[in-house]
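One chain, subunit A, links the two complexes that follow: it is found with subunit B in the first and with subunit C in the second.
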Partner chain A sequence: MIAKKVLLVGNFGVGKTSLIRRFVLNEFSEEYISTIGVRVSSKIIQIENQEIKLLIWDVAGTSDDEKVPKAYFLGSSAAMYVFDLSREETYKNINAKVDIVKELSGLKNITIIGNKKDLVSSKEIEAIKKLIPFSIDLITSAKENENVEDAFKELAKQTLN
Partner chain B sequence: MEKTTVDNKDNRFELLKELLLADDRKDFNVLKEEVLEREKFKVKVTPVLDERIEDLKVNFSDHFGKNITEAIKIQIRESQDEVVEALYPILGKLVKKFIIAEITKLTESINQTINDKFSISQIIKRLFKGKRTDADDVLQEVFEPIIEEIFVINKDSGLLAGNYSRGNIADKDMVSGMLTAIKSFAKDSFSKDGQDIEDIKFENFQLSIQNFKTIYIATATSGVINPDFEEELLEDINNLAEIILRDRSYLIDEEKLNTIIKNIFIKKE
Partner chain C sequence: MAISKIEHFFIEITTNLTGVVTEIVSGKFAISEFKIQQSIYIACPFLEGTLEALTINDPFLIEGMVIVSNQKEYNVDVELLKTENEVAVLIHNRTNVYKYAAQLNQNRNDLFFLKRELHEKNIELDRLRKVADKANEEKSRFLAMMSHEVRNPLNVILGYTELINEEEVSNQVKEHLKYLTISGKNLKVIVDDILDLSRVEAGKLQLSNAPVDLALLIDQLKNNYKSSHRDLDINLEFSISNKLPKFVFGDDVRLLQILTNLINNSIKFTQKGAVSTFVDVISLDKKDVKISFKVTDTGRGMTESQAASVFEEYQQNELDDNRIHKGAGLGLAIVKRLVAAMNGTISVTSKIDLGTTFQVDIPFKVDTSTVIKSTSEDVVNNNYINSSRILVADDNFLNRTIVAHILKKENANFTLVKDGVEALLEMQKETFDLVLLDINMPNLSGESLIKQKEAYHQSNSKTPILALTGNSSIDDIKGYLKIGFKDVIPKPFTSAQFVDLLNKNLK
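Entry: the complex of A and B
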């Protein structure tokens, strides 16, 4: 079976760890325990008739003036940029932030995920979509288990490109 | 009642109204007075009120700041447990992260200063071994560097040849995640010549990976790494590598390897 390294990045508190916990363990917690450094978990996923072992790197969230250490991107096949639909500062300037991730990782495509769908109305989502200069791949809720599996499938697909 | 005539219906009606509503009218007049008064009052008072409100808007904290702060202080003091409980998950780790980073910086700068100022620091240290300051003790206790896990990985197969675990990390997923991270860091960063990686923070642990001819040796440590600890750790790692590389049988006998790892690293305990 092939193993692929994937990364989740984005501001702190947007729900990266929660998305992974939902995907890998099907668990969710309201408690916020900020990730330090990095943490790796894995899950086997079926995609395009292939089994892939995703090695999911949960990288500690950054604030605006911080960058993810370049070494973390070594050998990664895909990356997910997560933002929080309910916190503007996590998608303001998303363009520049995603560009930085592309530069550091050398990846051409980054999966863009807007999380915490349960906290905003569909009207607000529409407004955010208009605001962001590129298309959001999926709108998820780790809390209510919406689109989480699909988000990781999308990410896994990117590893095959 | 003298005005009353039979055919003057209107008048009679008026009279009847007068009779029936006399009391109500009294009330009405009183009310009217009051309302009028109030209107007048409002005209007079509104500007003053506006002024006060403006003043409050601007100077609220001057007027009430002290009281509110006091009230909040009391509230927090009286429900400390709740406050701590609410904030701990967020602050606890962040504070720890911050403190560890800061202390590391501090330790580095202190050591730098000592090294700069006294080249004989090593001699002094040896002379006064065992004689340490209170602050040293506290720092040492809280942030004492500890070897949590050691992994010896076979380069060719990528498999774990042997390991030591202090047994402190109860979370098995964490350990296997660490191992995954180590392998991928090793594979990706040592595949190109001369490329070296920084140490990696893995949750509360510091991972560092050493690259040898046929093996990687990785360590996970907790606490604040000081130069002495680091030097000793590196020496132990080199010793271990030398032993393994000289006698390959260690790589096929996990038990034997585990024993030697333990003997080398955990001698002090």
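Entry: the complex of A and C
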């Protein structure tokens, strides 16, 4: 079985930890506890007939003027950029933010996830899609367990590319 | 915490290139988690993937990782150095440092979300405020319109009641007419109160700041009650201190309204005895004076709880007699707002069966510049209406009839028309001594007509034009005077008021 290191990055409070908790433990908590440093979780998933042990790095969320330390990306095979559909500031300059992640990680592709689908209407989602200059890979809700598994599968597929 | 030995804070381990622990070099921290020949990834899952990617002989630091020892989480910084054959791993326990960093981080993020929530709530509050303001404006507009619509028929009711009263009728009919008049007047007070309150609530109350002769104001108050309450079994007493400055800056109309409302309220709850008004000085210097207005009655008094809620809107304490005076319970609420607008205070003391005292204390600026006029200009005794050419324009047939009746009685030479266009035609062909224009008329309103000065200038350039209207708030009246009306006759009016105003303007 191969192990693949993946990172979840994005502004603080967008729900990175909640997505991982939902994916790994199938749990959700309304309580917001900010992540400090990095917490690594793992889960084995099956992609294209092979088992992959995903080592998921839950990196502490950043504010607009902070960068994820470059050291975290060493040896990473894929990264997920998570933003909050209900908070404009988390996707306002997403293009530049994703470029920084690409530069730090050396990865060509980053999986883009819009989380907290439960807080916005489909009309608002359509408006956000038009606003963002590239396609969003998946719209998720950690709270309602919508598309969470698919998001990590997408991430796992990226590790194989 | 005492400074511990350094080995309490770090552990040094050597692994082979696949992460198997080959040697525990030093340290005590979390030592039980690491075993020779066991994968380091068990205790440090974050190293999987990273270890393999290390560059040989390039020291590497990763910060803030979480490791678990004895079911307890620790934050550590990890230094790695990969050589050809092995990897040296140095793990620093930085839990205490990260504990504070975590708290700061949590606080910062919580603050951010709280600020965001506050911002959203402010937006929502602002939206709700706008909705409420709009609703309030609508309400004020509705009340103003309704008040006007009510005044017109009320004028007719009171006018005809007065006309019938002048006829030869039985005492029983006279008695019925008395109650009809009281009810009509009461309805007028209610309409005025509702309109006033809505204006105060909408923040549209503008107080004037002109010289006020307080002695004259009390005289006026006395005169007002002389005629209207002569049939009551109550003595109305007025007392004014001689220490009062002759003139103060204030709003005489609203002061009169405050005192009238208080006196009316006292009269309402007093069957026998007296209602006394005292005006006295609390403090006085060259520039400022604080004056107390006290209205005391010998009425039935109030309980403490009744007194506590007496200034609330629509507050009506039950009357225990069968009198038909009963307002909308707004008089005292209006008084309280007016007093507050004048930076004053109001209080009430009351004892059951002994009576009630309302005290209003208001600060004023003393006016030393106004010269006392030698004669009172408002006393009009002559009949100037007799033989005067008067034009009356009103679309309401019944109102025209009442006006016609009064003018006929006063021996005026009058013309009646039913709208502004007809009035204009009359004004173009004839010179009048006085013109009465209803404000709201079809085809051409009184407001529009008075603005077309050039159209009637030739024959009526000096003719006093009076507004006849149900819109009788102070702001309305100010507005009418501004566009050229010489005076305003508010509906409903009594024939005495109507005649007085006409004589005043014909003089």
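Annotations
Methods note: the second predicted complex is superposed on the first by the 161 of 161 C-alpha atoms of A that agree within 3 Å, B and C clash if a C-alpha of one lies under 4 Å from a C-alpha of the other, contacts with A are read in each partner's own complex, and residues count from 1 in each chain.
Quick note on the criterion: a contact is a pair of C-beta atoms (placed from the backbone, for glycine too) under 8 Å apart; a residue touches a chain by one contact, two chains touch by 3 or more.
Source: prediction; values computed, not measured.
Using the contact criterion defined above for the overlaid structures, shared-chain residue A:4 touches subunit C, although it does not reach subunit B.
Contacts of A:23 after superposition: neither subunit B nor subunit C is touched.
Using the contact criterion defined above for the overlaid structures, shared-chain residue A:55 touches subunit B and also reaches subunit C. Of the two partner chains placed by the overlay, only subunit B lies in contact with A:31; subunit C stays clear of it. For subunit A, the partner touching the most residues, choosing from subunit B and subunit C, is C. In the superposition on chain A, contact of A:74 is made with both subunit B and subunit C.
In the superposition on chain A, A:39 contacts both subunit B and subunit C. Residue overlap on subunit A between its contacts with subunit B in one complex and with subunit C in the other: 5, 32-34, 36-40, 42, 55, 57, 60, 69, 71-72, 74-75.
The touching residues of subunit A, counted against subunit B in their complex, run 5, 31-42, 55, 57, 60, 69, 71-72, 74-75. Every residue of subunit B that touches subunit A in the complex is listed here, in rising order: 89-90, 93-94, 97, 173-174, 176-178, 180-181, 184-185, 187-189, 197-198, 200-204. Interface residues of subunit C, counted against subunit A in their complex, comprise 45-46, 48-54, 60-66, 75, 98, 101-102, 105-106, 108-110, 112-113, 116. Interface residues of subunit A facing subunit C in the complex, by the touch rule stated above, are 3-5, 12-13, 32-34, 36-40, 42, 55, 57, 60-61, 63, 69, 71-72, 74-77, 87.
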